[in-house]
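Each of the next two complexes has subunit A plus one more chain, namely subunit B in the first and subunit C in the second.
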Partner chain A sequence: MSDTATAAPSRARTPEGTRRRRRGGPPGEPRAVGWLYVLPALLVYAAFLLYPLLRAVQISLYDWNGNTLATWAGLDNYVEVVGDPALRASFGHALVLIAFYALLPLVVGLVLAAVLGRAKVRGLAFFRTVVFLPQVVAMVVIAVAWRRMYAPDGSINDLLSAIGLDALTRGWLGDYTAALPAVGLIGTWFEIGLVTVLLLAGMGKIPTELYEAARLDGAGAVREFFVVTLPALRGEIAVALTLTVIAALRTFDLVYVTTRGGPGTSTSVPSYEVYNRAFQQGRVGSAAAIAVVLTVIIFAISFGITRIAERDR
Partner chain B sequence: MRVSRAERATNYVILAAFAVFALWPILGVVVAALGPDDAAGGTVGAGVLGLHPENFVTAWNQGRFGSYLRTSLLVSSTVVVVSVVFSLLAGYALGTMRFRGATVLFYVFLVGIMMPSEAVLVPLYYDLRALGLTDTIWALLLPQVAQSVAFGTFWMRAWFRSANRSVVEAARLDGASTWRILWQVLVPLARPAVVTLTVLTFMWTWNEFLVPLVMVVSESLRTAPLGLAFFQGQYTQGFTLLAAGACIVATPVVVLYLFLQRHFIAGMLEGAVRE
Partner chain C sequence: MRRRPTTRLIAVGALGALALTACTPGSGSDGTGSSAAPTGTVNTDPASLGQVTLTVWDQEVRGGQAAQIEELNKEFQAKYPNITLKRVSRSFDDLKTTLGLALSGNDAPDVFQANNGRPDMGKFVQAGQLLPLDRYADAYGWTDRYPESVRKYSSYSPDGKTFGTGNLYGLPQVGEVVGVYADKAVLAKAGLSEVPTDWAGFEASLQKVKDAGEQPLVLGNLDKWPAIHVFGTVQAQTTPADQIRTLGFGQSGGSWTTAENTKAAQTLVDWVDKGYFSKDVNGLGYDPAWQQFSKGTGAYLIAGTWLQADLGKAMGDDVTFVLPPKAQQAPVATGGTGIPWAVSSKTKNPDAAAAYIDFITNKDAMGVLAKTENLPVADTADQKAPSAIGQDVFTAFGTAVDDDSLVPYLDYATPTMSDTLGAALQDLLAKKATPEQFLETVQKDYGDFVAQNG
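The block that comes next holds the complex of A and B.
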């Protein structure tokens, strides 16, 4: 997609350029009427997404409680994002969640895809339907379900007792050290299906000759995985990471319904801090600053991962 | 590819294990919802075949899910219709026409796909409040149409770009206007892409939590997921009715998924892969 943009200066002059324009840009005659077609979408989008984003940047430069007059704060709110230990901790929690939302599902998904890709198994379509199901269930419902499972008399503790690990049982979401991993594990459960289905689709596109060649060279299952499967899945891995990392950074519903950031602040995450400050504590400027930082991080990650995937291709 | 019997057996075990893992929490809720009401304190009857479908009725009435579902349905269907039409128009222009600024417009819409709604909801709440629009249906509709239109335009543009040009050229030679080409030639061909966009937009709008949480206070404007969160806060004696409520909230999208799962999976995967 960067093709058309970089070719722009030269394309009017050289015949090469004219040809590229035909191929690269949207085909068809030039039509100013295009603007009319774009207008309804653009108006709603600009008014309720772009403009608020600019307003968020503006508000983040003020000290404002949402009601009385705002006072200029310069970059104070941003300094706070870096300096305030509670806020730094919330970004740290987001990092932990990334491990649970993105890395763990990726490892599991890769193993699953590698194992399942080696042999044609019946019922793969049914399996796909089932593991993808969590993706379409409202996060609030998922949170309600897992909250119950994590309860002191919930099924997780029942399971632990049943296999003789009574010592580990606890109220998972009320425990200072266990709460964050417990929330993260819900994310793992939620994302495994997406990642696995994505990787399985990628596996389907790998030509079988590559595997046959590897086998002729005497490669075992493990070597085959690293030499053939992993490089061929680079694109899918990049997409999976982008989707899951962003999902981890944006976690809100789950934390709101399961722990409200507690116990203490042990599961507070940036999105929750934004909500908390803007709508509970009346620190709108600070909330806007966290939101802007979060947005910048998400943009950087999306562009970064896409870039790496494109360069490797 | 040939593999040993043992490996094949292992595969089935792994498949089954992960299927159970994925279904366990969901089935747990369904089973709890159908069990005897744990808050009623043992005074319950035998139920139907040992099941208690009456829990859904009790939850429906106690949790006022009728009202929540009505709001959700109204909001979701409006957002879907408006944003799909707007996306078709914009995607058509960006995918088939050449005009000044088209490339920039495309990137502008692309930004909207990645933008976290947390970032825009803070200023949006205070600006809509100044306009007297918070706690109205508009505060639920407009931000969600804006979000859906970003992905929708991106999605439809990709379809229009890959669409067969010769049909369009033929129609144009026949003297058809751009408007007629869109609605009478291309939209019928685009049906699968439009269905995918429709089910995805419906799912995202139905499941949305943060927008209604921030924007509305009135109980009559609570959507299904928001209503469920409030129900959880009030109903703390047991789990049965909460589970029944959770089933009620999840069912519409899950049923849609079971019938149109190809569209869900393809949309959520390709939507991210394309471009």
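The block that comes next holds the complex of A and C.
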């Protein structure tokens, strides 16, 4: 954007000049041809992304069960998203999940990456692979495995009993206070690997001179981390946050397999509501409205993260 | 400056896409509301229909279900070589999520399994996508072989709004009833030789089992819906059957907030208080729960006949199945049918489609179903089950149908009832809601729907 911003005003002031310059040719061909180059990709993009998106927006304005003729509902479906306390709560749960999916892995990932990056351990590649491993497993498999671990007779309770913490044992996924954090921690476990590997890659690019300079100035390991490593990782942190926040907001499979939104509605999330309404309850209009709101929220948050990360760069 | 073409393009693209999407959702499907039943005679001799191809979508993919449909399809093909079956089998969930779209399109399957409830069969009837089968019911004598209490479950008014009466839109192969599985070995430890046949005796036996140091009832309610069957069983003892039918089929004129239903909800809470369930009822999955039961945990498991084959295999003669001990003169039990087979209103070969449904549900087919460890929905008493528990199940279902004592699954009532009732029961069992609050939540769902549905 910035390079065009400086060039634009002169052209805008003299339209004739612009035209002459275009006809004059080099460098490059007439601009309209550019569109021809992107046309194939644009068509695919429009057919599989823009059209479905707009169609979803349109459906969200109707009351539709998916089979019969829809009736116009105006903004009723959106009013429901804002007005229904259970639906509002599901968006709240998604925000809680952000803490578990994005913030917690970032903190743990920074520590892990700092340790792995500093220590000259043998077999670093091996450890990096191990940390990354959860990312390779399908989410449904992870959910099934954790559901067993969280069961009343599962390994987590066994572990707690073994170390004398019988008072803490419970059916984790059926407990009204523990269920949402329990689901969130699966996300934390899943995302730590991704975040750590991203940060490790970023640390590898930091020039060693910076560390030497810091050390000459008398900085310890901790200070070094805050004045050199952290600022240099701004870009990687932004990427990690964007990916994990989006993952948190669109969580579906995890909730679908582990709790189905229960107990009560204490772990229901927007994506699960979308699926439930569209495919189970035949309320497609309402499902589309939730999906649109969710899309807007995801867009806004990721846009915000990139803007903050790129400021003062 | 370079921005302008981009914005313009986005605007043009948006307009174009809006133009493409301008038609109202659902306007592609022909016919809304009631589609008149076709009239005229029907051909019940499939051999005379010429070369015909039938596309069949089913979800009979597991164990005995797969065995019976493969056997019946083979027999059908052998008997009527002029009819070619194109079978598409999917899991239950896959079928549920894809059938709606398929029926809206031009390549709808001829015969398919459509779940009984309003979000499925009811919706398709409303959209005019199902063929009423009443003419075939007369021609093939289905009306005589299937009692009304069974046909109810696939009957809707032509506009799809009233469930439980009206035209017949499908025919099931198998029956289902929720009853009590009992572990005789655990009962013996509590000094009980059999399951009490009356409700008061049953409740007393729960305490006896508890006193003997065993767990009286096994329930895993993590999946939300299992408690619906337990509540339904209790409610069937406190509330008159016709009231439950009104509520269960989502017909107008019923009420959840009655003294009878309060008593049912209070009974569940009492059972929680007395420790009849395990401590973590909401944290235990459905499958782990019945697997624990099959390994000797607990005296009773309130569940449906679909578990009979698995429990029979694991427990042998230790397990028995009975209808819920009755509190009123006649037994009342939650139950219904397997997923009914229906015919698309767009099919070019309705006669062949109906002939296929008749073939997989006739008396010989019921024999095949019994042999493959399914519960035949008709002629149940005439069939011989392959195992002792199977015979218990046949007897229980036969009795329930003969006495007209089946009441529908409560989540049939409204498209959202499964979620509402499931979540509300988790709240009730965890004591996050009182019986009164629980019933108000459910009444709101039912009341809102009935008010809108008319």
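One rule holds in what follows: the second predicted complex is superposed on the first by the 266 of 313 C-alpha atoms of A that agree within 3 Å, B and C clash if a C-alpha of one lies under 4 Å from a C-alpha of the other, contacts with A are read in each partner's own complex, and residues count from 1 in each chain.
Methods note: a residue touches a chain if its C-beta (ideal position, glycine included) is under 8 Å from a C-beta of that chain, and two chains touch if they have at least 3 such contacts.
Computed from a predicted structure; not experimentally measured.
With both structures placed on the common chain, the touch criterion links A:V197 to subunit B but leaves subunit C unconnected.
After overlaying the two complexes on the shared chain, residue contacts for A:T295 are found with subunit B alone; subunit C is out of touch. Once the two complexes are laid over each other on the shared chain, residue contacts for A:F279 go to subunit B and to subunit C alike.
When the two complexes are overlaid on their common chain A, residue A:I59 makes contact with subunit B and with subunit C alike. With both complexes superposed, B is the one of subunit B and subunit C in contact with more subunit A residues. In the overlay built on the shared chain, the residue A:A138 is in contact with subunit B alone; subunit C does not reach it. In the superposition on chain A, contact of A:L50 is made with both subunit B and subunit C. Legend: residue contacts after superposition of the two complexes on their common chain; A:R128 is shown touching subunit B, with no touch to subunit C.
Judged by the touch definition given at the top, the superposed model places A:T265 against subunit C, while subunit B stays out of reach.
Shared-chain residue A:L69: touches subunit C; no touch with subunit B. Under the contact criterion defined above, the residues of subunit A that touch both subunit B in one complex and subunit C in the other are 4, 31, 35, 50, 55, 58-59, 66, 147, 279, 284. On the subunit C side of its complex with subunit A, the touching residues are 1-2, 5, 9, 13-14, 17-18, 20-21, 24-27, 29, 32-33, 96-97, 100-101, 103-104, 118-119, 123-124, 126-127, 129, 221-224, 278-285, 288, 415-416, 418-419, 422-424, 426-427, 430, 432. The residues of subunit B lying in touch with subunit A in their complex are 1, 3, 7-8, 10-12, 14-15, 18-19, 21-26, 28-29, 32, 85-87, 89-90, 92-103, 105, 108-109, 111-112, 114-116, 118-127, 142-143, 145-147, 149-150, 152-153, 161, 165, 168, 178, 203, 206-207, 209-210, 213-214, 224-226, 228-229, 232, 239, 242-243, 246, 249-250, 253-254, 256-258, 261, 264-265, 268-269, 272-273, 275. The touching residues of subunit A, when paired with subunit C in their complex, are 4, 7-8, 11-12, 31, 35, 46, 50-51, 54-55, 58-59, 62, 64-70, 72, 147, 150-153, 170-176, 259-265, 276, 279-285.
Across the complex, subunit B is touched by residues 1, 4-5, 25-38, 40-42, 44-45, 47-50, 52-53, 55-56, 58-59, 66, 112, 115-116, 118-121, 123-124, 126-142, 144-149, 155, 189, 192-194, 196-198, 201, 208, 211, 235-236, 239, 242-243, 246, 249-250, 252-253, 256-257, 270-271, 274-275, 278-279, 284, 287-288, 291-292, 294-295, 298-299, 302 of subunit A.
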